[in-house]
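Consider the two complexes below, in which subunit A is the common component and subunit B and subunit C are the respective partners.
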Partner chain A sequence: MKPVLLSLLLILMPLIAQAITPEERGLEIAQEIERRDTGFHDFKAAMTMLLKNKHGEESLRDMRNQTLEVENDGDKTLVIFDEPRDVKGTALLSFSHKTGDDDQWLYLPALKRVKRIASRNKSGPFMGSEFAYEDISSQEVEKYTYKYIEESSYEGKASFLLERYPVDPNSGYTRQQVWVDQERFIPLKIEYYDRKNALLKTLVFRGYQQYLDQYWRADQMYMENHQTGKSTLLSWKKYDFRSGLSDGDFNKNSLKRAR
Partner chain B sequence: MIERFFSLVLKYNYSVILLSVVLMLALGTGVRHLHFSNDYRMFFSEENPQLQAFEQLQNTYTKNDNVLFVLTPKDGVVFSRETLSAVAELTKEAWQIPHSIRVDSITNFQHTYAEGDDLIVEDLVFNPETLSDEALTEKLKTATTDPLLVNRLISPSAHTTGVNVTVQLPGKKLTEVPEVAEAARALVSKIEAAHPDIKIHLTGMIMMNNAFPTASLGDMTTLYPLMFAAVILVLVLMLRSIPGTLSTMIIIILMIIATMGLTGWLGIQMSPPTTTVPIVIMTLAIADCVHVLVNFLHGMREGESKHQAMMESLRINLQPIFLTTLTTSIGFLSLNFSDAPPFRDLGNMAAMGVVLAFVLSVTFLPAMMMILPVKALKGDTQGSIAMQHLAEFVVKNKKALIWGMGALILFLIAQIPNNRLDDQFVKYFDETNLFRQATDFTTENLTGIYLIEYSLESGETGGISDPGFLQNVEAFAQWYRQQPHVLHVNTITDIMKRLNRNMHEDDDSWYRLPDKRDLSAQYLLLYEFSLPFGLDLNNQINVKKSATRFTVTLESISTQQLLAIEESAQAWLAQNAPGMRIEGASPSVMFAHIGNRNIVSMLKGTTLALVMISLILVLALRSLRVGGLSLLPNLVPMGMAFGIWGLLVGEVGLALSVVSGMTLGIVVDDTVHFLSKYLRARREKQLSREDAVRYAFSTVGTALWVTTLVLMVGFGILAFSHFQLNAGMGLLTAITLGLALVADFLFLPPLLIYFGGKKS
Partner chain C sequence: MKVWFCILLLLPGFLCAGEWSGYVEGQGRYFLQDPLDSDQSDNTLSLAFQPEYFQRWDNDKQSLLFIPFARWDSQDDKRSHTDIRELIWTYAGNGWESRVGIGKVFWGVTEALHLVDVINQTDLVENPDGEQKLGQPMFKLSLERDWGILDFYLLAGFRERTFPGEDGRLRTHPRVDTDLAGYESDREERHLDLAIRWSHFIGDWDIGLSHFNGTSRDPLFMPTMNGAGEIVLAPFYELMRQTGLDLQATKGDWLWKLEAIHRSADSGSYNAATGGFEYTLVGIGESAMDLGLLAEYLYDDRQDAATTPFENDLFLAFRLTANDVDGSELLAGIIKDLDSSAALFNLETSRRIGNLWKVSAQARLWFNVPEDDPLYPFRQDDYVEISLSRFF
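Our next item is the complex of A and B:
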């Protein structure tokens, strides 16, 4: 009963009173998104990235993703690369944190070594794609400040339009505009504005499916770079929630074992 | 018929004037559609193979239009807290430049090093104001030994450093380039104000593109007033008639307005070469007006009425003026064969102007003269007396002249091979230009602006990680680094070697290429993870990871040297790595070929124009023999002019390749006038060849040298252009036209005396 009530309250809020600021309202929506996506414990999924440049040249990347929910902090994620063949078995382990830099380890099978990568950079390209690492790492509420803009709609779906501002000074963005489905509290579209506040990229979520009767995941995430004309289609397949992963599957040793 | 037309023109003079003015101004309204092109690619046609190769390279990798800030601290020490703070500040602020997608500097350079099993990736300089002296020394060492930085963003002695901003223009509006340039300048002012001990120069492709309209506007403000002053002076001296001068001035202004308006309506973009059009068509319009006015004023001096004198002047001038308009237009239209669109535009615009000038000089001009009070001044015999002396001299010394002129012509033509092709695009701007100054400074102190780029192809997806391929790339880089004039080679292999060393605890013995393909691929993956915003690998590796970009930076060298280096590179590739052989591409390479391509294409255009003009002459003069003879004085001036150029200058390029086509049409004018008078004397007056030559001298001699003087002054003014293309073109055209007169006075008459038809 409670979630329904809260969302109803959120929708009706501007009608009831102007008592809360747009910043508070934005934060409430973000918190609601996170609240609804909490408790899945873990999942496994297959990821495919199709990279395209302005002139239609394409390249494919295959990888597997394992994610473990961590209470009161960012998620732990293990990404194992399958394709291209030259990087098969390369694995990236990252501990996302609500504040401060994330921890990252990379296992290079050709070198048979695990290397910790100490870098402040979060905005670099993920696997040469148009997704920055910060775009696909776990989206903790604390990573942004928020501002509610207006009620809007995206492809016929009633949405909240809100703006969020990265807290990390090393972020590549000044702001992001997020269209959030009013009914399901999931992002439908995100527009990324670069450091000079020019529109850089648009991310569109397609084919949302519900897992465990609660958690919505998009089958496809399409990122388009407006400045370079390049794009990346990230497809998710074979979602397996509560697959039995535990903390022991997310450490330096598990990196080497992952294949 | 035609007489009836002219009497109507003279009768309804007010209507004619009103109609001409309204019509010309109506055409002139197109001026608001005029825009200046600000893209160096304007010099290349879409089918230009070097442009296509370069566009393909840019499509594969990140486009590299750039703004380069060059910072020079007064104390000559870049690695000081003060200077590095300025560099860091500039680096941060440069992200705000419109359409910027990437900023590279020594401060945000991604320095990687190992600490045990940790790979540390960080900005080479972070919080510069807190750095200790030891840290500064250490960072200086890192920067000046990293092959990615030295001679590119830092000078070997670390006295100058660069901040390079990569710009991706949407290419939708002409305001994009000036917007970026403006923002860059504002940033320079801001940083220089905050750090008065640092001098910043601005160069790069964007600044060059921005310099085109700036230089053109500069030319307009300096050359146009000069041209009007010269015109008024020459007209007053020649015509000694205020109404004549006034009418001619009005015609010039109307014609320029109408031509520029038509240009706007046709959607032609203005470029440095086309800014010369008003000056070019002005001189040609003067020639038309002068012919009509000289005979008109002459008639009045003889005591004819205004009306009579004008009708007579129009009668005898219509055919030659029409003919010269036709041949001049053909000459200009031959520029359509040029591979460089701005010169096609120049040809088409000038042809339009010439036709308009013709129309106005036989309608507006006579009508004006009817209205204005005209007084016939006495005595213009001095010129004719001089001409008679010249005629006598020529007739007397015909044999010596034929041999002497023949020898001189042959000698000068033999000097043509002294000309070397050279199109260094930076030198298109003269030394007063800010972009040129900044670029010269950059070349002397930091890095070059002349590049050769290659997209080295491995032949398979992911093939850039293949050890064999990487070794070939490395060997190619080593070969290039040993060549003279090479400042910098940017290659992915340097990053590979550095990562390999990082992965082995920074052990220098591992500073070599990985020997396994999967290891290289995994290094690249690791490297990609570590990159910050905007710094992806796509500027060096294509999407399929099958090819890598390889960039060579050169000193300011001549086109010949650049082509020679590229040729040996091709030989090296053919011998050592035939699989990855590819022609080098870059703006420098494009400009290196443009002179040659234009000469070849203009040769076709000029030949076609020559054939057409000669046919027209044969038909108009109704004499195959004399028409054929006219080929010599029409062609010889070009040969002589290029010979003199070879002796005095020795460098030809894009602009000079169009001079022959352009001058051909004008050179012919003099020949037409001289020959038509010669033939009239032979046919109507039954004079001997010698006397016909004397007659030709006395009737058109004065007009010829005066119009040639006007043309030489007009084109000579172009020599003062700050844009070397225009200056060279103007100067060589002026020389050619002067030589044409010499040929018409000293070479054609003796030829006519020996070969000019049966003895009567």
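Our next item is the complex of A and C:
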């Protein structure tokens, strides 16, 4: 008996020492994604959303985005609306947090009014698009728990397939499946499952470009809603990293100045 | 020679560097009842035009904003009016900001009534809800610090409130004659008003503390006889000091709001407050729609002697936000006087049509207004308004 047990232990030992759970492996990958995207400091970019319904009718949204990286917390973001024209000059200031609700203020230029708004509405559509607030807000590791599924490939690229589960009970999703590029540690595709665990949307990232020799950003993010037949194509243009933004560009005064 | 050439080349470039936008609006108002005075009209059509010029330069540190406004009304010559809503130069420094020119400022958090908001005069002919404002000449200096934002205002040049003319609806009986406006200050509309405001946020809490010292934007009314021998109301603008607090707690789907003021003037001093909540039901019935439930209590310690109609009133409303492509919204509610049977019903709704057009509608109805209520003159003025705007 004894030699058998010993040899069994010898065989199993390295496996036990090395084995990490799928949860740990998933978290490791998420942490690596964040590590590689840390240190950009700030950027400015132009955003265009092309909304399409199932009849093919189109609607356009034009925005500008300013983002400031915040150490040990979520990013600060200012989004200024240019189109549609009736909301031109409206601006949204968000301080996102790793845990808990984000702080959000909306500036209404016609009334010159700054309104603190309830940010718990994460699952609501952003400007009538197929993107929910939670899809485009700062993606922090702490906002999800993770599970590694398998090695996969997406459009010929070797990928890790992960599943992630929103920590926030107000999220519109039970889970998301993320295809992560093994080489660059960037998301290639995300599938969103609704509260009933049915496939709701698919997001595809296209045209990744590298900025400052480190940070990858997709030129286009295409979100398709499988339940309604609607889609939104979000295009990013004029990326300007380390544009000189600072904390002073993200307060209620700068929100009113933004335009 | 070369310098002049450069200037000639640069000047048009400078003027063209900015951008024009704005809107044209056609509006119809239909009044449900016969007017109290046969001079007053039943329906009115009007056209409004509000272009907007904006330019920034110097690495976005400086900017110029110019918003003129004009409305033509088919019935009321006092409602046909023009104004410079804004003509203001902004300089944004590092941790501070200054603004010089004609501007607009909003303070406060509540929905039913804006007690704290005292910088701009109300453009009452635009809308009886008092939310439309006239441009105010000002110099503003703002300090942005870790402990909040501190604003100092020098307000030079007082703007009189606009009032509907003889032919207009939604007016008092007798009407207000703005030619007879009087002031407590010997300097009249040239009195220099001062204001200061500190605002900050700590976690879920947003707070504002303000103080104003100058000519009150809210006139008192003196019955008098004008040159034509008619009995009219003459607006009288007294000096006042007002200290205000506005507070909002943002707790999940709940917004808790409070505005409180203390105002003192020769005619007396008083306290008033408005407070309540807005609770949002997110994604009702598994749709993308949000339903907001609003309730606010309106208080004024002058009770029946109050110059506003809201001294012990309850505001109840709901706000439907479709979150659709057209940005459809609807806000409907009542303000109920708790001391009498009087109630005011209000509905506002709007949606986009395409990217450049917007249609909006309003309805206001007054119910059971007793004779001693400041809203009594409007008892026959229930109306529905439809507007179509083209943005450019």
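Side notes on the structure shown:
Operating definition for what follows: the second predicted complex is superposed on the first by the 240 of 259 C-alpha atoms of A that agree within 3 Å, B and C clash if a C-alpha of one lies under 4 Å from a C-alpha of the other, contacts with A are read in each partner's own complex, and residues count from 1 in each chain.
Convention: a contact is a pair of C-beta atoms (placed from the backbone, for glycine too) under 8 Å apart; a residue touches a chain by one contact, two chains touch by 3 or more.
Note that this is a predicted model, so its numbers are computed, not measured.
Superposition of the two structures on subunit A leads subunit B and subunit C into a clash.
By the document's definition of touching, neither partner reaches A:139: not subunit B, not subunit C. In the superposition on chain A, A:227 contacts subunit B only, with no contact to subunit C. Looking at the shared chain after the overlay, A:66 reaches neither subunit B nor subunit C.
When the two complexes are superposed, the chain touching more residues of subunit A, out of subunit B and subunit C, is B. In the superposed model, A:198 lies in contact with subunit B only, and not with subunit C.
By the touch criterion defined above, A:101 lies against subunit C but remains apart from subunit B after alignment on the C-alpha atoms of chain A. By the touch criterion defined above, A:85 lies against subunit B and subunit C together after alignment on the C-alpha atoms of chain A. Touch criterion met: A:54 reaches subunit B, while subunit C stays clear of it. Once the two complexes are laid over each other on the shared chain, residue contacts for A:257 go to subunit C alone; subunit B is not touched.
With the shared chain A as the reference for superposition, subunit C clashes with subunit B in the stretch 111-119, and the other listed options (111-119, 237-245 or 345-353) are free of clashes. Under the contact criterion defined above, the residues of subunit A that touch both subunit B in one complex and subunit C in the other are 51, 53, 59, 84-88, 111, 113-121, 123-125, 128, 170, 172. Interface residues of subunit B facing subunit A in the complex, by the touch rule stated above, are 59-60, 62, 95-101, 115, 117-122, 168, 461-462, 465, 503, 514, 516-523, 525-526, 528-538, 542-545. Note for the complex: subunit C touches subunit A at residues 21, 23, 54, 56, 63, 90, 92, 94-95, 97, 104-106, 109, 131, 142, 144, 149, 199, 201, 206, 248, 250, 252-255, 280, 282-283, 288, 290, 323-327, 352, 354-356, 358, 389, 391-392.
Those residues of subunit A that touch subunit B in the complex are listed here as 51-55, 57-59, 81, 84-88, 90, 92, 104, 106, 108-111, 113-121, 123-128, 132-133, 170-172, 194-196, 198, 227-228, 230. Across the interface of their complex, subunit C is touched by residues 51, 53, 59-60, 83-88, 101, 103, 111-121, 123-125, 128, 170, 172, 248, 251-254, 257, 259 of subunit A.
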